[in-house]
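Note that subunit A is present in both complexes that follow, paired respectively with subunit B and with subunit C.
Up next, the complex of A and B:
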C-alpha cells in the first residue's frame, strides 16, 4: 500500500511543474516545426508526383515507398547517429524534427495526391470550358474541393506527429515524455501519477485537434449542404 | 568525411536477421491479439457498451505508443508485479493497434447497408446465419486492406520495444553500432532489413486481398 501511495505522490507533480511545462512547450514546438516542414515536403511531393519530368515523378515515388517502409525510429537514428560520420551534425532537436517531417511528409504527400485525384475530372474540364486558366482551375476549383476531403486525414497526420514526437525522448530532446522519464528515473516516487499527467497532456492536445477537425470539416463542406437544399 | 565500410556490419548480418525474425514474431503475435481486441471491442459496442468502447479507443489512440510502452513496463514492475519486457511490449503493441482495429471493424459493420439486414431478416434468416452469410463477407472485403496496412505499421512500431530492452532488430542495431563504430552503415543496413520485411508484409497482404476478394466473387 505504501508503494502505491508513493507511486501516486502528487507532490512530485507540484515540485516539477516548471520542468513539466517546459517539456510540454518543447513537445509543441517540436511538433509545430515538424508539421510546417512536413507540409512543405508533402505539397512538393504531391506536385512533383504528377510531373512530366519522369526522374522527379519517379524519385518522389521511391521516397514515399522507402520512408513508409522503414520505422521512424530508425530514420531518426540515421539522422542523429549516422549522418555525423558523413560530416553532417544535427542537434537532437533538429534531428528529431527533421525525422518527423521527412517521415510525415511522405504520408502528407499521399493524402494530398489522392484528395486532388478525387476531385472529378468533369470539374476540371468544365472550368477550362468556361474559359478559366489552368492556374485558376487549380486554385479556385480543384483545391477548394480537395482540401475538405484531405482535412480529416491531414489532422490525423498532425495528431500522429504530436504523438510520435515522443520519440524525441530516445535521442534526448527535452520534450514532455523525456522530462517525465528523467524525473522518474531520478526517483521512483510519483511514478504513476507523472505518467498519468503525461498521458492526460497528450489526450487533451490530440482530443482538441480531433474536435477542431470535425468542426472545420463541417464548415468547409457547408457549400455542399447548401447546393443539395436547392 | 570517411569512406563507408559496410563490411563490419555485414559481418554481423546473421544477428540482425535473427533479430528481424524476432521483430516479425512479435509483430505477428501482437497483430493476432489486436485482431482479438478488435473483435471483442466491436462485439461489445454492438451490445450496448458503445460508450465504454469509444472511451477505450480514444484513450489508447490519443496517447503516444512510447508512453504506453513505458507505462506498461515500468508501472507493474514498480508495484511488484514482475513483467518481462517481451510480454509487456507485445501487449502494448496489441492494445494500441487493437484500438485502431476496433475503429476499422466498427466502421466496416456500419458500412453494411441496413437494407441487407432487413431483407435477410424478412426472409427468416437467423442472426447467426445473417452474420455468416451477409455481414461477415462484406465486412471482410472492407477490412482486409486497412488491416494489412496496420500490420505494416505495427511491425515498424515494434522498433519502440528496443527502449525497454527487447532484443529485436533496432535493439540489435544499437548493439552493433556501439561495437563497430559504424553508425551510418549500421542504420542503413537495419533500415534495409526493415524495408525488406515490410515489403514482404505488403506483398503478402496484396496476395491475401486478391484471394479473399476472388473467393467472394
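Up next, the complex of A and C:
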C-alpha cells in the first residue's frame, strides 16, 4: 500500500467512531464548563473594574494584565503540574477547565467593560432625568444596549475556548484532539483523514456558533433598524 | 450572486487540493527510493528526530551536543557508507514518524521499539539493542508484575510502544472481566514521571533504557517492576520503499549495520552506553519489511 492511501485510510475513522465520539463529547463538556466559569469571572471583573473600592479595582486590573500577558499553555502547565508541589492536586479535567476559564475570563471582563463604557453618557443621564433608579438605568438602559455591542466579541471568545480546549491534550484530558492523536500514533495510518475530520468537527461547532451569533445580533439590534427606516 | 461566487471558489479550491493530492500520489506510487548516491551528492543525511531526551540512546550533554548510542552508531555507519555528515532537525516525538512518512527525513536513526503496529506502516533496520517496555512505579504501590496493574492508574506516552503495550494488556485484562482504573495519555515522558511523583499515577509503562538512566540519576524514588510484556528490539525506521533495491538507503544502512555487528562495533557501543551486551536477533533472518 502506498503512503497516500495510508494517510487517507478511511477505515481508521470507521473503526474508531466510539472513541472519536467520546473525544468530541469531552471537548464540548470541557468547553461548556470553561465558558460558564469564564462568564462568571468576566462579569465579576467588569463590575469590580469600576468599583469605588480601589483594592478591588486595582486587583482586577493586575489580574487582567497578568493573565493576558502569559501564554495559556504555561497557565495550564502551572495549574496541572505545578500546583501539586504546593499540595493542590486538581484532576486533569478540572485543571484544564480552570485554566481556560481563568484565561478567557480576563478577556470577557475587558469585552464587557468596554461595551458598557461605549453606551453613551447621555443615555444614562436621560434615564436618571426621567426618574429611573440607578439599578434600573443599568439593567433597562445600559445593559440592553451594551450586550449587542459585546456579542460578536463574546462569541469570538467562546470560539476561542472551544479551539483552545485542544490544549487539554498536554494535561492528559482525553478530548477530541488527544483522541485523534492517540489513534494516529498507534500506526501512523490515516493521519491525513483523521486530522481533516478533527478540523471539520471544530469548524462545525464554531461555524454554528458564528451563525447563531449573527442571528441573535440582528434580533437584538432590530430597534436600530427601525429607527434608520424612519 | 455572492453565494454563487463562494460556490465557485469552493469548487476551484477543492479541485486544486485534489489535483495536488493526485500529483503526490503519482510521486508515491512510482516506487522510487532515495539512493545512497542521492544522499552523498547532496552532502549528507537530512534527519528529523526527537528532541534529545531518550538516554542513553539519544540525548544531549550540558552544552547541547548530541550524545548516545544512536549518535555514535550513525557516525560509524557514515564512515562505512562514505556519507560525509548528518544534518539534524529535532522536533517533539509527536512529529518524528509523520516527518519520515511525509518525506521530510531520510530515515529515523533513533532506537525505536519494533512493534507489529508500526511494521504495518514502516520498515525497520537490523536492531541495535533492547527497547523493551518495563513497569516503572513507586515503592508504595506494591506493584510487582503486570497482573498487579489491574485497578491502577497507568500513564503512557502517546504514540509510544508503552502505549501499545498498555492497550494489549488492557485487552487481556478485559477478557477476564478486569481493567486498569484509568489509562492516561501524556505528550512527554517527563510529564509522566512528574505525575508518578505527584501520585496521580500508580505506574508508567516506559522503555527500559530511559528507566535505567533515570533510576541511576535518582536512586530510590521509583522502582523498576520488570517487563510489561515480551521483549522488544530497538531499531531505526525507514519508509518501506527505501528498503527496496540494493542502492536504496535502507538496504545500504542494513549492510553497514551487518558489517558493524560482525566487526564488534555494535557490541562495543552497547558496552559503552549500557555497561552490558544486549541480545540481538540473527540479522540473516530479520525481516525489515513485513
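Here is the rule we use: the second predicted complex is superposed on the first by the 229 of 230 C-alpha atoms of A that agree within 3 Å, B and C clash if a C-alpha of one lies under 4 Å from a C-alpha of the other, contacts with A are read in each partner's own complex, and residues count from 1 in each chain.
Rule of thumb we're sticking to: a residue touches a chain if its C-beta (ideal position, glycine included) is under 8 Å from a C-beta of that chain, and two chains touch if they have at least 3 such contacts.
Model, not experiment: these values are computed from the prediction.
**Student:** With the two structures overlaid on subunit A, would subunit B and subunit C clash, or do they fit side by side?
**Tutor:** When both complexes are placed onto subunit A, subunit B and subunit C end up clashing with one another.
**Student:** If we overlay the two complexes on their shared chain A, which of subunit B and subunit C does A:182 touch? Say first, second, both or neither.
**Tutor:** Only subunit C; A:182 stays clear of subunit B.
**Student:** Looking at subunit A, does subunit B or subunit C touch a larger number of its residues?
**Tutor:** The partner that reaches more residues of subunit A in the superposed model: B.
**Student:** If we overlay the two complexes on their shared chain A, which of subunit B and subunit C does A:203 touch? Say first, second, both or neither.
**Tutor:** Once the two structures are laid over each other on A, A:203 reaches subunit B alone.
**Student:** Between subunit B and subunit C, whom does A:36 touch in the aligned arrangement: first, second, both, or neither?
**Tutor:** It touches nothing on subunit B or subunit C.
**Student:** Touching A:92 in the superposition: subunit B (first), subunit C (second), both, neither?
**Tutor:** Only subunit C is touched by A:92; subunit B is not.
**Student:** Taking the superposition as given, does A:172 touch the first partner, subunit B, the second, subunit C, both, or neither?
**Tutor:** A:172: touches subunit C, not subunit B.
**Student:** Looking at the overlay, does A:7 come into contact with subunit B only (first), subunit C only (second), both, or neither?
**Tutor:** Once the two structures are laid over each other on A, A:7 reaches both partners.
**Student:** Have a look at where A:73 lands relative to subunit B and subunit C in the superposition and call it first, second, both or neither.
**Tutor:** First partner only.
**Student:** Considering only touches as defined above, state whether A:84 meets subunit B (first), subunit C (second), both or neither.
**Tutor:** So A:84 meets both subunit B and subunit C here.
**Student:** Output the subunit A positions appearing in both contact lists, the one against subunit B and the one against subunit C.
**Tutor:** 3-4, 7, 81, 84-85, 169-170, 181, 184, 188, 191
**Student:** Over in the complex, which subunit A residues touch subunit B? Could you list them?
**Tutor:** Within the complex, subunit A contacts subunit B at residues 3-4, 7, 66, 69-75, 77-78, 81-87, 159, 163-167, 169-170, 177, 181, 184, 188, 191-192, 195, 198-199, 202-203, 206-207, 210.
**Student:** Tell me, which parts of subunit B touch subunit A in their complex?
**Tutor:** Per the touch definition, subunit B meets subunit A at residues 1-2, 58-59, 61-67, 70-71, 74-75, 78-80, 156-157, 159-160, 162-163, 170, 173, 177, 182-184, 186-188, 190-191, 194-195, 198-199, 202.
**Student:** Please name which positions on subunit C make contact with subunit A in the complex.
**Tutor:** 21, 24-25, 28-29, 94, 97-98, 101, 117-118, 120-122, 155, 158-159, 163-164, 167, 184-187, 191, 194-195, 198-200, 239
**Student:** Tell me, which parts of subunit A touch subunit C in their complex?
**Tutor:** So the residues of subunit A touching subunit C come out as 2-4, 6-7, 81, 84-85, 89, 92, 169-170, 172, 174, 178, 181-182, 184-189, 191.
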